[in-house]
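After this come two complexes, each holding subunit A, first together with subunit B and then together with subunit C.
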Partner chain A sequence: MVAEYQTLLKPTSRSRRLQANLVVILATVATLIALVPLVAVASYVISQGAGVINLDFLTQDPPGDLSATGGGIRNAITGTLEMAGVATLIAAPIGILVAIFNTEVGGRIGAASRFIIDVLAALPSIVVGIFVYALVVVAQGHFSGFAGSLALAIIMLPVIVVSTEEMFRLLPRPISEGARALGFTRWRTYLSVFIPTALSGIFTGLLLAVSRAVGETAPLIFTSLGNNFFSTDMNEPMQALPLLIYRNALNSAFPAARDRAMGAALTLVAIVLAFNLLGRWLVSRRRLARNPGR
Partner chain B sequence: MVRRRLRDGDLPFRVLALVVTAATLAVISLMMFDSVQTAWPIFQQFGIIGFVTGQEWSPAFTVYGAWPFLYGTLVTSAIALAIAVPISILIALLVTEILPPRLSQPVAIVVDLLAAVPSVVWGLWGLLVLLPIIRPFEHDVASGLGRVIPFLGGPTPGPSYFAAGLIVAMMIIPIVAAVTREVFAATPRLQREAVQALGGTRWDVVQRVVLPLGRTGIVAAVLLGLGRAIGETIAVTMVVGNNPLVGGSIFSPGYTLASVIANEFNEATETLHPEALIALGVVLLALAIAVNGAGLMVRRRFERSAGRGR
Partner chain C sequence: MEEVEMTTAIDTTQTVVAAPFAASSDHALPDTSVVLKLRNVDAFYGPRRVVRDISLDIARNAITAIIGPSGSGKSTLLRCIDRMHEVVPHARATGLIEYRGIDLYDRRIDPAAVRRSIGMVFQQPNPFPTMSIFDNVAAPARFNGLIQGRNGASDLVEQCLKRAALWDEVKDKLRQSGTSLSGGQQQRLCIARALAMAPDVLLMDEPCSALDPIATLQIEQLMVELKASYTILIVTHNMQQAARVSDRTAFLTMGEDGAGYLVEEGPTGRIFTQPRERLTEDYISGRFG
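Moving on, here comes the complex of A and B:
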């Protein structure tokens, strides 16, 4: 090691400086390359979709025939929001309880539970769709918005658990000790101290989970299936934005289908970004609050 | 004691957390079991090995083999990793080693935004924009290099393993870059400064400290990226060509495990066809658990060694 470092003691030569600059150039170029598709996708979806979106497009349902012009994507917007909403209602309380369990329980049982959440996070979303199909759709005998919500909830669950656990772990120790000194039981501590203190962090995890679930297509193919009319009945097949984009894109030879896919894609990206950026904004605000000196 | 804890609400609270966690795990296990059970007739008829290595997929004749799809998943994922890993490592270097903190945060956030684009939107763009752009490139490579290396040969109809790999690369760059970034950021400051004190350049720090100490962490990042790549569905379905045969070239149209399930499921009416597709899902599940399990284990090992200060 010493001999190796001695070579460094030589005055910086031109070639070594050149090498150092080369890393900077390569890294910059690689980052720019990675950002080209992001800019390309964003500008394409905006330029193609913006002209399609108007009040009628957002408030009318699509025609039964993909190739027909007119109509809108109302049923897909309401379906996406309804299924994501129900998925959040399922996944949020369960996720927070599992996070508490994982924080409180050590040993082999805690490790097993954490491992299963890790596995769940790693499952391809299409496999989650198959799971729900095999358990719910086959048993019920038909596709349903509820099955779609359940699939989305399973996709959201590990995101919520991991981010909530992280929040509990980051809480300063004096808070926990203070609660104990006041004679709080554990559940009181969570209910009155931990959860309120970590609330913005938990909420951030929720928003990021929703932004991921809203963009999922594959699991819905097996669960909510999609349809062409307006329906809010969770027991019936339900349309969603990603499903509508997928089916119209595959028929993009028809100008009407292509336009509909573009308008829906811009709407979907806007919804995903809204949840995503809101979540990030909360994170950055929380960081500032914790380090008020900066 | 028990009565006191009951009155405090501590015991019911613990029981509630336990029951909810156990129920969640039970439901997941039940779903896994149900899926394997639904696919069981396929494994029974063709054998597990026979199904996985089966070359032919023709629902009309009730012949089901998974190999063309497994092959497609492996080839597209390999192409995606070959493109994404070097780029991701360089992005992580830029963010942790080169840019000042004021700039590195925004760059990291913008790279993360790649992950916010929904799969179906990548697919839409890939189908209508990327395919027409890369087709001349595919043609040039196939008619040049392709004459020497069959794996790069023609014909080049457009949708292909390569197109799918390229799209998946864009989708996994934010994941691989994010994990690699954490790995590089965990490099002990002392060793970094030691090289700098000896007059080392930035390249010396990267080459002698950051990369060697981060090797395990980079492997974990690659495995987690691979885990994501094999499960990518909709975007791949839209650009891979949907051809249930093993393609001889990376420019051949093909299929992957996830994309054949998504594409054929709603029209699966032949005998055992839905069961065969679910069996493909079970193969995908096993692959995903193996790859991600390895990734998690390697990552834990890296975190432990980083925690000890090495």
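Moving on, here comes the complex of A and C:
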């Protein structure tokens, strides 16, 4: 006892302190290095794109010839939002049901399902694009916004499943036991207790999935193809922001195309950022909801 | 729909399994003085036996306390009765548990129907966090088809909250979240929620262990009032509580094999003053456990 007390009084050795400081310094340096590309990309996109964006840019369609000046990116904004919206309508219900399945079903079947979702999450997005091309585009004989939505839905599905499953697993056991002890069926327990309780978390996962999907280019190249004209018809080829950026950036020798790509890039970053901020806001609201004042 | 299900689940069993009671009226369950009959009940988690060979009769309109040290299988035994034990993966129970002559573990019995007749109150108050006080009481009854429409729900909610001695404290804030209440109020809300299902038996698993002495007293008074209409089983660590509220007491302890078994059961007064077994005497006098 006395010996321990004396150990406490002994000053920390110099090398010990140096070691502790070294870790802090290394961690700080690593963080700064990680921030460099992030800040560089953001500032470059803002400096190059901010001057391009104005009301006309957001509300007009691009000119037929991408080397021509003028026009905007309206069709790409609506196309991105429409395809992401339809993709969410496809992926969200399926994803939530798969998450319920994964939470409820144990054993080999449950493990297999979770493994498949992990594989799906790791699938390169271009492979998803080729898959939907073979499945829908070839079968229908034409590119379409719907094919693009389907490809985006496949990208979103594992994100939704994993985040929703996580929310279900976080629910306190007494809550689920309370429901079961009142004679609730499993289905009723999910519908009336689990999903409402986990709702903001599920919604946050959805937003993360959407913000990932709107940034995808590869799955759209073979599916929605792109469209120079304004179209909301899901059966027609549809323009999207990443596709527009890709095509215009390839022709950046033309100043007009280069500027258009930069303006569209900044718009896309802003949309993704908006979805992320909305998600974070919902998470913070959930934390507040857990500890309500009397 | 669910109500129909429940009635058929019990009715068919009544005619098939509970043949001796076939002469009783069409829908009412046989009026027996013994509501629950347990014979040679064993409970397992995987290969591990946690409850061994318990036989016990539970009297109607009485409070039976189950006491015993930690690990003696009290909660597990309670959970076997409303078939909540099997909700845990790899958990199972064997032996006979009869509820008014019906074998609760008969293949044709729907566990959800059992849980509608046998209500349960847990150690931790567990109101549904996204539901209002009103809905916490009304929703379970509504889902099980016991009430229809808005007015029926209002009457039931008021009646159950009054029975649970919570009405006066919450009548002006029925729309607020159930989790906004204090711990003791939450527990009474959970009791009201269980009563809304019109159960016959109420299982209470250490309902006061998370509560302060005042809230504990309120719940105890409530239990004594409720026993006129319900059969109550309470698991408690608190021997004074068992002595105060219960009519009969069952003492469980853990055997050398790690499984809980019944040492003795009898009228509470006798168990606490003249226990037949040495183990019981040691436990209630605080010499072990």
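We take it that the second predicted complex is superposed on the first by the 261 of 294 C-alpha atoms of A that agree within 3 Å, B and C clash if a C-alpha of one lies under 4 Å from a C-alpha of the other, contacts with A are read in each partner's own complex, and residues count from 1 in each chain.
Just so we're on the same page, contacts are C-beta pairs under 8 Å (C-beta built on N, C-alpha and C of every residue); 3 or more make two chains touch, one makes a residue touch a chain.
On a predicted model such as this, the values are computed, not experimentally measured, just so you know.
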{"item": "Superposition on subunit A - do subunit B and subunit C clash or fit", "value": "fit"}
{"item": "When both partners are placed on the shared chain, which of subunit B and subunit C touches more of subunit A", "value": "B"}
{"item": "Partner chain(s) touched by A:188 [first = subunit B, second = subunit C, both, neither]", "value": "both"}
{"item": "Touched partner set for A:26, first subunit B, second subunit C, both or neither", "value": "first"}
{"item": "First (subunit B), second (subunit C), both or neither touched by A:170", "value": "neither"}
{"item": "Touched partner set for A:130, first subunit B, second subunit C, both or neither", "value": "first"}
{"item": "Contacts of A:106 with subunit B and subunit C, given as first, second, both or neither", "value": "second"}
{"item": "After the two structures are overlaid on chain A, angle v-u-w for subunit B, subunit A, subunit C in degrees (C-alpha centres, nearest 10)", "value": "110"}
{"item": "First, second, both or neither for A:89, with subunit B first and subunit C second", "value": "neither"}
{"item": "First (subunit B), second (subunit C), both or neither touched by A:58", "value": "neither"}
{"item": "Subunit B and subunit C, minimum CA distance [Å, superposed model]", "value": "5"}
{"item": "Set intersection of subunit A contacts, subunit C complex versus subunit B complex", "value": "185, 188"}
{"item": "Partner subunit A, residues of subunit C touching it in the complex", "value": "2, 6, 82, 84, 87, 89, 112-116, 119-120, 122, 124, 126-131, 139-140, 143-144, 177, 179-180, 190, 193-194, 197"}
{"item": "Touching residues (chain side subunit A, partner subunit C) in the complex", "value": "106, 172, 174-175, 177-185, 188, 192-193, 196-197, 199, 290, 292-294"}
{"item": "Subunit A-facing residues of subunit B, complex", "value": "5, 8-10, 12-14, 16-18, 20-21, 24-25, 27-28, 30-32, 34-35, 37-38, 86-88, 90-91, 93-94, 97-98, 107, 109-111, 113-114, 116-125, 127-129, 170, 173, 177, 194-195, 198-204, 206, 208, 224, 227, 230-234, 238, 258, 261-262, 265-266, 278, 281, 284-285, 288-289, 292-293, 295-296"}
{"item": "In the complex with subunit B, residue positions of subunit A that touch it", "value": "4-5, 8-12, 16-17, 19-20, 22-24, 26-31, 33-35, 37-38, 40-41, 44-45, 94, 97-98, 100-102, 104-105, 113, 116, 118-120, 122-127, 130-135, 138, 154, 157, 185-188, 190, 211, 214-218, 221-222, 225, 242, 245-246, 249-250, 252, 258, 261-262, 265, 268-269, 272-273, 276, 280"}
